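I've put the structures underneath this note.
Both complexes shown next keep chain A, but they swap its partner, so chain B is in the first and chain C is in the second.
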Partner chain A sequence: MTSTLLLLPGDEVPSSLLPKGNHKPLVLGPGLRHAPPSSVRATVSGTLTVDARKNALWIETNRGRYIPHVNDLVIATVLRSSSDFYHCTITPHAAQANLPQLAFESATRKTRPQLAPGALVYARISSASRDMDPELSCVSASSGKADGLGPLKGGMLFDVSLGFCRRLLLSESKVPLPAEQGGGAVTILEALAEKIGFEVAVGRNGKLWVDGGDVKMTLAVGKALQQTDQERLTLDQQKKLAAKTLRELGS
Partner chain B sequence: MPREAELSLNEREFLLQALRENVRLDGRPFDTFRNVELKFGEEYGVADVQLGKTRIVVRVSCDVTAPYPDRKFDGIFNITTEFSPMASPAFEVGRPNESEVILSRILEKAIRRSSALDTESLCIIAGQKCFAVRADIHVLDHDGGLVDAACIALIAALQHFRRPDVTVEGENVTVYSLREREPVPLAMLHHPLCVTFSYFHSGEVVLVDATLAEEQVRESEVIVTMNRHGEICQIAKYGGSPIDAVSLLTCTSSALGKVQALWKYIQEKLDEDAKKRDAGGLMAELSAENAR
Partner chain C sequence: MAVPEATLSHLNRADGSATYSSNGYTVVGAVNGPIEVQRRDELPEEAAIEVNIRPAVGVGSTKERYLESILQSTLRRIILTHTFPRTLIQLTLQVVNTPAPFDCPFTSSPLPLLPALLETAMLALLSASLPLASTYTSVGLALAMPSPVKKKASLSATAIMPIDDKALEQASSIHVFAFTADGDLLVAESEGLFAPEYWEHAYDRALELCIGSKDGRAEGEMVVEGEPEDRNESQWLRSVMQEKAEQEQRWKT
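What follows is the complex of A and B.
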């Protein structure tokens, strides 16, 4: 169950909206902070989203720069390599992230991947804190498998908004807001994938990697996704756009 | 010192491969400009140009000073550029980077040294009083094509600017405020505009008005400055790979078409603005050019 309310930084969350009748502890998500003794205030502007079942509330916003959080999937660019690490950027002109050279699937000193400066990697953030450079990993800590992470070869990178990346990574049932408020489910990928084959990697840092095999296909998919983001297309509009894109590709 | 974020290898390869297949990332043909949008401010001499995502604001202002002792019959005309950190994290205030130096040098050559503005007309009393016209160029958003956009903005702002009217009686100079007398337009001798050509794949692909990503990948660029009569004011090429002499000729002929189209657009916008200011149709009577 969700309800919506626009909050500005410093606004107090009305106590009537706080979830009740649940014995779980109250969870404050991004954009909210507890102001003792009993009020909750917003620290960013956005729409308040309440999940009564999980006893959680957070602010949904589609702006700002990316701040690394543990377990986020990001697309990072390798800047240079040193003896033990690849030094990568998640966002340009922000702190560099370190990717250990052995943090790849079945990597040893001899079999580790050689990444040139400028190469793209799809990685998970393994540690992030305010006072330290974030650390990346391309391997699952529990299974030792890559799970789709690793160097990205070919394809093209597209810039999209942070909110859109979030929506792309969420499953349809979990999308918190209707499309008019900048949220909403994204079906364009599924609609396109019915007819054509392509690979996509979504980074939470506002990057979208698409590889459709050739220039035309990659560009068409990337542009369609960018348009969906910028014009805040609803589900019907997304389906129309997908049909148009497919028509132009001639398939 | 911060640098412009570099493109990843994947993006570079894709961009070059796309150009080889005659595709630009934004879907434009090779020889077209992005959408140009020109707006004028409330005051005279403020022009706001948007070229795609690139945005430049130029403000022209003037005051009365003494001329340089070695140039007694000339007024003073200065162009200053400022790259705001708002446009790109790579820009720092007070520390010009390479592109800022190139931009100011190009504009200096294109507008000042080609004497687009008749500085002699700015003289009030030889050796004693003259107008000092100053053009401030502010880069507010950077997505490539700074030279082209800045040139459009500067020419439009100069053409839009009005200096206060003056009368000279012997040694006495009276400068009339905007309320007292209708201000006078600057004497522009011609209107040079810049067109930048970017070369890829050892000169096989030539692009007009490259975006920032394309600028980062290009092998060399040639900046052609030309007025609408086809008179070339400068051809600038700062480093990069060598280019063919014949391709330079095609550049200049294609630049002519671009310059004429751009000037037509600027003229249209100027006329539109003049019509808006001319409330009641009294402008012709108020003008200093009117024989009273």
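What follows is the complex of A and C.
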């Protein structure tokens, strides 16, 4: 499913790597563009990932600014509120995102959450295009339920890299290798959760919200996750770090 | 020619950053974008590009503004600006180190600094994962003609060398070139006394330094040969990015 081929912007994807024998249309993910008539070129630098089953290919990158895409889960900060919208920021210095005041679970004109400037919201991007400001929503479009989205109370926000957020959001089945074989997602969360209780929300925009009940716990969990990201810890190192964190917390 | 050094993504608060040092020049670059643009700079169909260059000593002057204009027009062709209309891509380049000044005809010339600025900008943009049409590499060359008086100086008698202190002392002209990965000319700036055929000679040499000789253009083959004389800027750029990608994908293995 994965390859270690490095592509630089402008490089052509070798046609031997394009998935074949599948009648689904070819899907080009982030970092690739179609160069007519029939070649595919990279636009960012990174390793090429090919999913033959879905007939899709994309380039994995870790860094850079988050660009809003529909259905991504993000942690937004409320800047101000107007009569119909909360104006939120997803990434600093970028265009503001609009969160309709009625886009919360069972919100009506009378019963809607009051969010002060600076409040955090876990939201889904409901519309995003390069020509318009992104729009957020805290309810599922089909069921009208919150599904875990909504205002985040208490806790603290940590900055992590975009690649790490994607790893945290990977479900078990999507992980390239099972954990026993040394690959895969982040185990430090599970390792910590065996001993202590805390809440985590991961936004695709490089934000990580942690609430451990008290400040000490919140900081310990957040710092451990940040360290896992920055030092790119392997599974064993993650387990060691989790043990160290737990020891320092005295539990 | 000394192998340049590069560090990527070392500034946490910037979207992309890089430090590049070569031939006594060290430049730190940071890229932020796409961010909100001031109304007066806003372009309806594409992203505006802002380049700020800060010299190693003192505040920016005409020389820096001139370099900024070269970089800005170069990057407009490289960044896929139509992907982010009505936004700003901001590039800040801080010169950290320059070689000690000495007496030569090009002491006050902006050109010896230009290759380092271009390379830093490229690395910072790659670090920021901004969509680019292509990569480019840049090289500076000094031409030493036997004597400007002798009109019939043969091409072979002309020394062409990468710009460094020794080369600048004897140089009669200096040239900066940048090429895309496909070998298209992107930047050509020259200063000093030279004839067109000398420029063409310098162009051929620069192309060779940037993307390798025409016979062995196939990238895979070049890497395998791996002889130091064969190294070119494109290969070097690829090796830097390969190293970074391996670091980032470490968790997968």
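Brief remarks on what is shown
What we mean here is this: the second predicted complex is superposed on the first by the 239 of 251 C-alpha atoms of A that agree within 3 Å, B and C clash if a C-alpha of one lies under 4 Å from a C-alpha of the other, contacts with A are read in each partner's own complex, and residues count from 1 in each chain.
Criterion: a contact is a pair of C-beta atoms (placed from the backbone, for glycine too) under 8 Å apart; a residue touches a chain by one contact, two chains touch by 3 or more.
Remember, predicted model here, so these are calculated numbers, not experimental data.
Within the superposed three-chain model, A:152 lies in touch with chain B and out of touch with chain C [touch as defined at top]. Legend: residue contacts after superposition of the two complexes on their common chain; A:167 is shown touching chain C, with no touch to chain B. In the overlay built on the shared chain, the residue A:46 is in contact with chain C alone; chain B does not reach it.
With both complexes superposed, C is the one of chain B and chain C in contact with more chain A residues.
In the superposition on chain A, A:135 makes contact with neither chain B nor chain C.
In the superposition on chain A, contact of A:118 is made with chain B only, not with chain C.
In the superposed model, A:215 lies in contact with chain B only, and not with chain C. Of the two partner chains placed by the overlay, neither chain B nor chain C lies in contact with A:72.
Overlap of the chain B and chain C interfaces on chain A comprises residues 93. Per the touch definition, chain A reaches chain C in the complex via residues 2, 4, 6, 8-11, 31, 33, 43-47, 60-65, 67, 93-95, 130-131, 159, 163, 167, 176-177, 182-183, 232-234. Residues 77, 89, 92-93, 116, 118-120, 152-157, 209, 215-216, 218-219, 223 of chain A are the ones touching chain B in the complex.
The touching residues of chain B, when paired with chain A in their complex, are 2, 5-14, 17-18, 21, 23, 25, 27, 89-90.
Only residues 9, 12, 15-16, 32-36, 80, 83-85, 87, 126-135, 180-182, 237-238, 241-242, 244-245, 247-253 of chain C touch chain A when the two sit together in their complex.
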